[in-house]
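Each chain carries a letter (A, B, C and D) given by its place in the written order, and its residues are counted from 1.
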Amino acid sequence: MKKIINRPEDYVNEMLEGLYIAHPDLITYTGDDVRCLVAVNKKAGKVGIATGGGSGHLPLFLGYVGKGMLDGCSVGDVFQSPSAEQMLAVTKEIDSGAGVLYIYGNYNGDIFNFDMAAEMADFEESIRVESVVAGEDVASAGPAADGEKNTRRGVAGIIFVYKCAGAAADAMMDLDEVKRVAEKAAANVRTMGVALTPCIVPRVGTPGFTIGADKMEIGMGIHGETGIRRGKLEPADQIVDEMLEKIVADIPYVSGDEVAVLVNGLGATPLDEQYIVTRRIDSYLKEKGIKVYRYYVGEYATSLEMAGFSISLLKLDDELKGLIDAPAQTPFFVQL
Amino acid sequence: MNNSYLIELLKELQDIMCENRDYLIKLDSIVGDGDLGLTMSDGFTAAYKAVSASGETDAGKLLYNAGKAMSTAVPSTMGTLMASGLMQAGKVLKGKTELEKADIAALFEAYLEGVANRGKAKVGDKTFLDGLAPAVAALKSALQAGDELNVAAAAAREAAEAGFQHTTTMIAVHGRAATRGEASRALQDPGAAVAMLMMKAFEKSFLAK
Amino acid sequence: MKKIINRPEDYVNEMLEGLYIAHPDLITYTGDDVRCLVAVNKKAGKVGIATGGGSGHLPLFLGYVGKGMLDGCSVGDVFQSPSAEQMLAVTKEIDSGAGVLYIYGNYNGDIFNFDMAAEMADFEESIRVESVVAGEDVASAGPAADGEKNTRRGVAGIIFVYKCAGAAADAMMDLDEVKRVAEKAAANVRTMGVALTPCIVPRVGTPGFTIGADKMEIGMGIHGETGIRRGKLEPADQIVDEMLEKIVADIPYVSGDEVAVLVNGLGATPLDEQYIVTRRIDSYLKEKGIKVYRYYVGEYATSLEMAGFSISLLKLDDELKGLIDAPAQTPFFVQL
Amino acid sequence: MNNSYLIELLKELQDIMCENRDYLIKLDSIVGDGDLGLTMSDGFTAAYKAVSASGETDAGKLLYNAGKAMSTAVPSTMGTLMASGLMQAGKVLKGKTELEKADIAALFEAYLEGVANRGKAKVGDKTFLDGLAPAVAALKSALQAGDELNVAAAAAREAAEAGFQHTTTMIAVHGRAATRGEASRALQDPGAAVAMLMMKAFEKSFLAK
């Protein structure tokens, strides 16, 4: 396990301590639990937005707490949910009377704990909480049938939900409106990933899976969940085409649509490669008549030191465009 | 019976989960990520610790607090579900300081309800519910038939065991096991094993007396 | 070679094409050569600042072209200098009459070509060009004796030189002043790195060196140049202490000093680990009485998919503080 | 002599670098990154191509343009140094359309100067200069002694060969080889080998006539 760490047990808390040291102007924590992260900046009367999830995905989840995006985040161990108690502590700290929206990924542990936290917030603190669950990995399951629960995993596309909801809250929309916007963004985003190498959870010490030296796995999840096919590594353009074919057909995105595109590195994939991917995405979408309104390229939701990337598309209307364009400032996301 | 019985029951739960730590790890390693032995032993230990010396006399509060302690200690899938069960049981028994036979049935019924509400699984989905649901049914009908608690508990344990074994006929639709689809059928569900262990501990809570 | 690329020969140009697609509001190229990158935004009468160097170090070098930092950058093949001709093209494009400052790293190929470009700019175009060469890797050589040439390699610390000089030029200082500021920053910065794994130049196809599964190399350069010692991987705190001991003793940085700190990931090292490193840097410097004015943590100068990190310290005075704090907006560096 | 001789000379340089591509790669692989064979063959090919059909009659402009083409094609250490040599020779011969014996000496002297100015190395630093400097000295003294160009060129080639062999007594202080310190001494310098090949090509440029 080649990692620059001290004791694996201290991994998460030491990372958090470093984070507070580096960004004292933007983030702090509530109570005496470094895992309950909240924004320094508070806007009276604004809807609070909280997220949370396991560590090991930086900048996700906590990296988007700041101005114009999220107000708080509870952090679990690597790939483990934080507790309802921690979520509740964050909720209490960020509520300023306008209620709190939870936005998080579609994982059992997170759902159970956020639901419990929402009940506690209501029951113990009389804080109104609403929830939006992001699940947009087209590789993880088919689309939900009418009235059925969405069983898709939430991955990098959640950034778009944060951005839109964060901008809506910053514009002082009320909780119902912020929730509506978050739901719209969540309904309009689709993601798919590909992994080239595994990652190692520090306390486990060995890779979660193995993959041949010349192999890739299309559709793998950000905790190493099985994808849709494992095969020989192909040229970048071919990989992008296969991924986009699945993504574009899903909503579907059609000629005339405008989209925001997120190219997300999983941890060990150089920016160069992400831009090579961007180049192909652009010509693929051009061919389909889909217009790209804005690109985001870089590491937004990682899996420790996994090599690979994901592509997310967000279908835009005028409202979402305005929200995507709004300024934001967090430790990992600055937009003027 | 009063809260000293509940503390005794929580101690039995703690002990059985600790004794079966490696067994649960083994079961969960086959279908999931192998953490279940750790989360159940840590979780029930935290639950017991939180209330064993609290002096709390309200049965509902005791169970609710035990659940909160568990949820804080082990916010994993089963950790949160077990916490939800304890907390729901706490809500239902709130205000009681003396427990009748019917209260014990209500406790497990509420526990089942708490888990089901949280997890939104159905019986037959190959989960913890498939161990606990038949046990609660057996417990209730034994008590309705006039059995003593120790006899009813034995019936509940038997039903949980049967329910656990029966999970090898089901396809998993929740959690990590679900990604295996049809291939999950032949495998025993680790969560249902926890239900079986709970009922064993329940049975033992009377033997110990 | 597990890379998401097409033909290795197209690696650099395809990466650049992706870059222009993603950041059309900030960067473009001059002539028909995508390797001659210039800022879209032009400020009349401002001193132009150009850099350049081999590819494979993103965000270095080109990622800092935009507002408030650099105006142009010529890009070579992976780990290879661009040509004097390309540097000249950039120079011509960014000169607005106030002259041009070259800031680049201390490598033979770059020096020779920038010198040649400066001569051509003077000779063929009558553009006044000055140069500042960054060489701050304390592991690469001893300090230059009086009157001797500095032989240290330039690494991640060059970002601080860009930032200060960029802010000075943006404040409409003249070429001599901008050069003075750049020289001051270059004189006040020191860096040291550690590498855990090698990287693969796409056209070469095999790692530039090998290193045992439990080994690290302290002081390795960003092209895999030999460091000062190879040994067993140690806990993060111990590695940081060894590096800081060398860095702090070098200028030296002393109690009462104020510094800016750059923690730089080399490509495959997760942000979590970089923050664990940040945490230790903070307590180490506190113990020495050195005050940290600002932290920068992330990937600033990489070596493709190499695992490892570097630490850079910039000693500050009031002038440098003001320049470090100035706003900037480039594809990879946004500061409000 | 006029520019057709210079074009002939550039062709010989191109040919010898292409023929010795693998030899230079091998030498550079031992002390450096192994690219020297590629950059010298590509670089001198680009230089020759740029001017061979240009019809340029000004000797200075021809050499300057050849140098610029080389610098664009191969902006590596030796590529840029060789380009600087050609460009400096171009500056010195600017305006000439007819070349005397002394002009040829001036050409190589300027080439040496161009490389030395660019690279700021000294003779003895184990570089290209240690091959070319003795060759230029030998060329000049042979011509001063009244020798014909072909005889003087042979003397220059011999001196370059000796200079190249002599690099195994020196410690590298520039470029990648310098990181080896004392360990670099026993190794032949690849850049000095290029100087030796240049002088071989120079000698051949008269044999061919």
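Worth pointing out:
Operating definition for what follows: a contact is a pair of C-beta atoms (placed from the backbone, for glycine too) under 8 Å apart; a residue touches a chain by one contact, two chains touch by 3 or more.
Only a predicted model underlies this, so the values are computations on that prediction, with no experimental measurement involved.
Looking at the partners of chain A and chain B together, they share no chain.
Among the remaining chains, B is positioned farthest from chain D, on the basis of C-alpha centroids. Chain B and chain D have Cα centroids lying 85 Å from one another.
Here the CA centre of chain A is 58 Å from the CA centre of chain D. Between the Cα centres of chain C and chain D there is a gap of 33 Å.
Rounded to whole angstrom units, the spacing between the C-alpha centres of chain A and chain C is 30.
If each chain is drawn as a node and touching chains are joined, the picture is a simple open line. By the touch criterion stated above, chain A contacts chain B in their complex at residues 76, 80-86, 108-109, 112-113, 115-116, 149, 225-226. Residues 68, 71-73, 75-77, 80-81, 83-84, 87, 118-120, 174-176, 179 of chain B are the ones touching chain A in the complex. Listed in rising order, the residues of chain A touching chain C in the complex are 2-7, 11-12, 14-19, 21-23, 55-56, 58-59, 194, 196-197, 213-214, 233, 235-237, 239, 263, 267-279, 282, 295, 297, 299, 302, 304-305, 307-309, 329, 334-336.
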